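Pasting a structure below so you can have a look.
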């Protein structure tokens, strides 16, 4: 931490800051420039409370030097984190594809979509049973009935299930059915939820809030990691900007930035990050070209009938086309699609793990 | 809802859209321009599902006409909503001042601050016992011990208590101690929480997410209102923009916009919306000048020792100065500070209401 | 300037940075923490080239300590800058009101509006003769014919004229007619224009770009000031954010921030910063309550006939109402409206100054 | 254009709007819903002045239906625009690579870089002689001396030259030396400049302003096209958002969106859109994967000595590596790098065209 004094700070004010640093059991290192004095704080910058200095007389700014997250950082764990999802390895060289409808709407809709995405090469099935909706009057999901359909799709296709969790009290229920709990963008800073999913020790897909900085996303991951749960995937799903031509702005920069700052796998969601199915394949290709470890894509057998996110859902045939494009891009960057576990292998149920 | 067709949409595609509209039990009204056809959907726009049209062949855009919220709208309830908090009327002509520390840190810190803000003219006391913090390593609040201190401050000063709720399971505990439950910015779209506080029937201070549009904030209020809980205050606390000179950007436009769109009281939080105590009084004045019904301000007896938000907390003497400025501004716009209930009046306990 | 080394920077890399600092004729001051080394650069931080350090091996970040502007800063000139415009003092205790149509459209439109705003208490007349328009097919202004109408309005009402300049080659023409040259938001970083208006030595109203930081706005002012032209007013006119309920988001925080960072007068433009006439008066009040030194407001005798910005233009009677509200707010903050020079005083022509 | 009336608009107000529509020589088409009346305006929506309706009594909103640009739209010109730059075809199936230093700093720096990028596969050379800089105290470019060095590099390597234009009066000078005039991000809405480069009939690289929407960028292109100059490339170079981990946010969505809306070639600038050389190759790959027709990349033989943009400049060897990655990505999407014209071909001088 560096404390920048005002140009007209007095010797007494400087001494006051130094005293406060030492009160915290740390060491102050003075650097007197022609214009200003800067006080370096030596010790563990994470532990001490930066804000207390801002009010001291003569202080202009306080600049943190250390990054505020630790367990999530590549400085702490240099190698890529990897973990298996029912035989599919996440975070390894192979690109992982998660696909399925926004919401589980009916047994036939889900099973049809599940078979179609499996056929096209998907590794895992997404589908929401509890839906966060902007309007209290919109479809809120099928709840436990939807989870049962997901379990059936899992059993039939062998694909692990990714589904959203909206409240800590749903953990016992959801962990019975789901292989990965998704923390949605609107809940990225719902700390009660982050603590609960951290304690669950279940694999987590953490979506970036549409207005969270990359650092805040890593801090949210840190909450989960600090409970000893290391199986966390980070998902870029577009940020909110002034541009309205697309639903969100895909922060494609976040892909290489995250790969440099953290060891956690990075997933891109081109469906939410664009909001229009016509742009999904192009942005999916961009994500893998930029270094993403996987994609999560909305697919619906009949998008015009979808109860949510129809405009951004691909039809299965377009998804299949996208998969073949992604295979080519993966090879162009020296990677491949993750191998799909043989369907002969008897699918393990979530409960039985 | 208006459905805008592509310039090259065929007659068949237009017929397809019309059919879909009628399948929804609504009426389609064609308007053929020189360039495009526009299809007006006549009926209750709120009830039908806009997204289903976006995927139909030939459709370019779909534009909603009705506002998506109803109970929160001034069209539905033309007159200002008002409700009492222990004798202080919120939403009426008098400006309401809520003040206190960001976090409850100790009994003496809280009581000292409570007496100071009461003396200066505050109507209610704010103070967090459960704190949402970006870092899992930061101070997370005193929990129930903090609530007990708030109850004591309430008893001694007679001021109603505003405190933040972070999870639905805290409702029984918090409603025992608090007069107003604050839903924080990071939880504005935590729908499980919105439903729970709606059902609690307790007065709510709903803070705007730093990434939410004004319309989304009103939709969040709609969640609460749809449970029959009509005692909701809306709080503008700054939005996230590219500007970094201040912690957030006060969306001062939101004050007159909200006053025009909704009947709910509008409160401004100049502490979070600026992040620097030097700017708090100026923005507080601006808020009341623009039409806000109240202010919520962070005050700390010793900001340099504060465990959170020290840089944006006012010392009590500066708060007192701010109150006298606000009184002058209130008069300039034909309002006044809300009368402080006589301190002789035996303070009603929260439990006893 | 502080150079933050990577946690794993070697001694040799540190020595390399120190050498580079000394090559620049400056002094390097090492501060070795437990985690990292920070190198303070002592000397005139403004003069040396920060970017050259970012590529050196072992360097993580470079943090400037000095502000990048000088002539615009309050550290350099502590007292408020003031200057007269035809007898009206800008930057002094009195609030200055600039009003008039977006574009000069006709002689009668301009004169009628000019008399009406003068009557209501305006100190200066705004009106565009050269208009920057998003579309090449929109009305582009009357050009020199418009300037002649402005000159006539000036002569008849005695008000100084504020008009926009779009290209350096217009300076000889515009300085003949206008008392203040306005640099529009879209040209805030048109450096050829900034240099030209700096050299003109004419009073300047510099509008903030809708996506410029406060610091960049001060750097743009620095361009003008560096040519010896000290008569610069800064104008906040709203920034671009994700919120679409208003045309722009008024950055009301910018008012106290600018008043603290710079000695230059600060003007608010509530017409552009809201984009809707219904919100103009509320935001004008907020601006003065927050400390603005003046307002620039669009007024049109018949907004529905305006060729540009009709939706955000006030009718003269609403402007008059706004002026009386502003008078009350000014008094509430210990200020007043600037005195209007007696109309008996023979108006000085721009050419004759 | 659709005019949405207020829910409580009277019959008389509706009649007033209809009358106004007809005064404009257009036809009004009424659509009476249960809640509101919507008035469709039939005729050429581009020609009439939308804002005039917003002030009419009873009007709530006005929604444009037609896109505001025409010459730039794919509806107007369905096929991709292509044009040659000294034998390199822009806008065709082959990806075009423009590379070189931010600023021309010296003859040796430029020639060394030019040969290196040519060798690595670049098709054109970029280099600034007139530089827009945030600070008046920063290096402003070598001016005409820089242009002469560019001409020499052109003659020696045969590569066409791309250089920035900052003011209309530089056109005669710059068109003597440069093959492509670049309009920089800060000047994207400098309409005097857009008109001048439109009239020049010279090929233009138009950079998106960091604050412009995609639609506004197309409107800026429309200015140039409306002068009959059809050789316009559009360049996405990052937009400004709240994220500070990178200098700008690459709006990768803009690539497929632009390819769908316009026939003009789309170029990506990953140097400015990230601001850090480590991320340039990843984002360059993403751009081509998403459908970009070319890249413009900053390369410097010695980035630590660069007078501007050093942190985002690639060394020649890294650029060469990037080119081979781009070749692989281009093939993965069914494209290739544009063929480099044989160096035996006697290079045509710009003046001689």
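Every chain is named by a letter (A, B, C and D) in the order it is written, and numbering of its residues begins at 1.
Note that a residue touches a chain if its C-beta (ideal position, glycine included) is under 8 Å from a C-beta of that chain, and two chains touch if they have at least 3 such contacts.
Please read all numbers here as calculations on a predicted model, not as lab measurements.
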Inquiry  = With centres defined by CA atoms only, which chain is the most remote from chain A?
reply    = C
Ask   = Counting C-beta pairs in contact, does C-D beat B-D or the other way around?
value = C-D
Query = From the C-alpha centre of chain B to that of chain D, how far is it in Å?
reply = 41
Distance between chain centroids, defined by C-alpha means - chain C, chain D (Å) = 27
Request  = Find every residue in chain B that makes contact with two or more other chains and list them.
outcome  = 211, 240-242, 244
Chain D residues within the chain B interface of the complex = 2, 4, 7, 29, 31-36, 38, 40-45, 63, 65-66, 75, 240-242, 244
Key: chain D contact footprint on chain A (complex, rising order)   = 211, 213-215, 239, 241-246, 249-257, 260, 273-274, 278-279, 282-283, 285-291, 325, 328-329, 331-333
Request  = Provide the residue numbers of chain C that touch chain D in the complex, in ascending order.
outcome  = 20, 46-47, 49, 51-56, 68-69, 132-137, 166-169, 186-187, 189-193, 209-211, 216, 219, 222-223, 226, 240, 277, 303-311, 313
